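Once you've had a glance at the structure underneath, I'll fire off some questions.
Think of it as A, B and C in the order they're written, each chain with its own count starting at 1.
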């Protein structure tokens, strides 16, 4: 186990930068500047930082939904930067992505959404006629069973609840048989309890397959609870990289700025207090 | 890994779940298509000739001749433009009271019924048919065209206006009513501010439609550019016809762009 | 408050040199708009009235008011001739009615088939080239939309001769613009996140279209097609006036022979057809949405 975990890094970022071209001038907003880190197998990295810090850009640069301006992205032996369209398609298959607000194709069935994870593997006519190879369908059923939605396969995606939809999103990403998971704010529109369930599911699956993951997440306590490493981003720069335990108040102030962090903390404490209060009252009612 | 999962999956049919109904429906559609296509009689030698003419028309479209029929074109354009504008103005003026009368939340039932029937008649008769009758009654020329377009505008604007009034925020109207306002005050303070931008938008949209229609009703003698176009096509003068069509397209584009600009400006 | 907002112009006056603590004096005059916008509005209305009067005079320069004054008696005469409608004429109308239905349906089918690729070429997010292909697609849409189906029919009858085919092609050509415009707007309004998610799986362009975009525009597509079919039924009833087949041919023939009772019968049939198609299209659209 530990041999795997400390093995060769699956993902390496070298001096990754992204500057959005502004409409008027030559130079624009710098979203990422000189980001470098490595992710070994089985490691779940929590990416935290204030909104606008470049978390979303960083994740999208890795599978080149956003074109990086400079730097290198190594997935195994391949440098993803500079690949042509066809080769990029083949490399994207290796990277599963889970989205904020699920991003399922709402009007397709749950099964079609999961099978769409195989699109990079099958020719157009198969996907067009919905005649996927037998092993793909078998895998899709197994994944739906794993996320607890086996009986929902023929429902349309927009008939599911938020938590269920995110589970379909997870199954879709896993259908790709990925070597890396990119997770963009998986809990953004979920209630606290469902959020924890989804995070638990993601980390469990990563542990089962020794899958590395980068989880872009705004909820710091949730990140500390579920990830094995935290990277803090501020204004496109890495300002913290360490274990969840070593994430001190000073480090958080560095990431979020003094005011924001205190405000966030207070908000969280209030949430916790409200939660505890509700639990107490509920207990009273039950008794 | 012990459980066996199915290796086959078919997308469940979304619209007609029952298999027999689905196949029956498909057969029905197929049968209709066969019958319909079979009923089209095509004279292929005529079509082949037509392709040559089509080519000539395409050439005329690419090399339009604005000059040789310019006086006719000018006269037709002036008629079209003037009747478009006057008909839209008159149409809007008449549609406002009818639109208010056709709104269930403002008008008493008898008024509502009368106004809704005016709207229904105006909407279900097409411009060209109205034009045939008005030409028969008022004689040839743009005046009949003006009346046609005004009448058609009433159905269009009054209907949409009435639907809008019926959909307005009832709580705002209630708030005004609660202050002890009269019916007129209610219309002025609660209804007008809510539907005014929409009315202006509708009028501009109708202006656009009226111009397009004015290019058609000339075919039955109601004046405008349509009459000129009809003559040009009857005489196989495709270069003049191409010129007229290009002018129509250009004016439609100008009207459409300027009306969308105006709508943005007014809001 | 700044004067930028015309609705909330603060009209309080504070004496120069008065301290903030002193009670303010409020103006008793409140206006809805600033004088500037009010002036602009009046000028705008005045211009519209002047334009109207001018257009009215130009338009009616050649109007024979004798004919117009004659209208009441003309109308009465026409009315008495049209009534009662000749019901014995009805069976003769069934074949042209069938033709009319076919013109509308086959024309819609043809128009939709041609409009779909045009729409995908015109939509900003699916076009292969914004600078080159998109303007061409938009031009096709504008051309088709600006020219009424009756004019298309006029052209086609002149080219390929009178008959149903000219009607079908005319309806199809007119439908391209309508369906194309509404469909490309629907394509542009699709949810970009769903498309991004499909792209991220490593899907190719055609697959992204098939899985990400098509499911999202499907309801709009059906709604637009049925709506256009409804309009086409209405339009195909009159295409016969220029020789493009259908019930309009009968209308034209009856008017030419001054057979007014037949004319009123035809009008009733057209009205019934239009109402029926409107009902069908409303039902179908309701079922889709």
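Simple rule for what comes next: a contact is a pair of C-beta atoms (placed from the backbone, for glycine too) under 8 Å apart; a residue touches a chain by one contact, two chains touch by 3 or more.
Please read these numbers as outputs of a predicted model, since none were measured by experiment.
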At the largest C-alpha centroid distance from chain B we find chain A
For this structure, I'd like the pair of chains sharing the most C-beta contacts. B-C
Chain nearest the overall Cα centroid: C
Can you work out the whole-Å distance between the CA centroids of chain A and chain B? 50
Could you work out how far the Cα centre of chain B sits from that of chain C, in whole Å? 4
Touching two or more other chains, which residues of chain B qualify? none
Check: chain A positions touching at least 2 other chains come out as 112
Spell out the residues on chain C that touch chain B in their complex, using ranges where they run on. 48, 51-52, 55-56, 58-60, 62-64, 67-68, 71, 74-75, 78, 98-99, 101-102, 105-106, 142-143, 145-148, 150-151, 154-156, 158-161, 163-165, 168, 234-235, 237-238, 241-242, 251, 255, 267, 270-271, 274-275
Using the touch rule from the top, collect the residues of chain A that touch chain B in their complex. 109, 111-112, 115, 130, 132, 134-135, 137-138, 140-142, 145, 153-154
Going by the contact rule set out above, which residues of chain A touch chain C in the complex? 63, 65, 89-93, 95, 97, 99-101, 103-108, 112, 116-121, 124, 127-128, 169, 172, 176
Hey, which residues of chain C end up touching chain A in the complex? 191, 193-194, 196-204, 206-207, 210-212, 215-216, 218-219
Touch list for chain B against partner chain A, complex: 3, 5-12
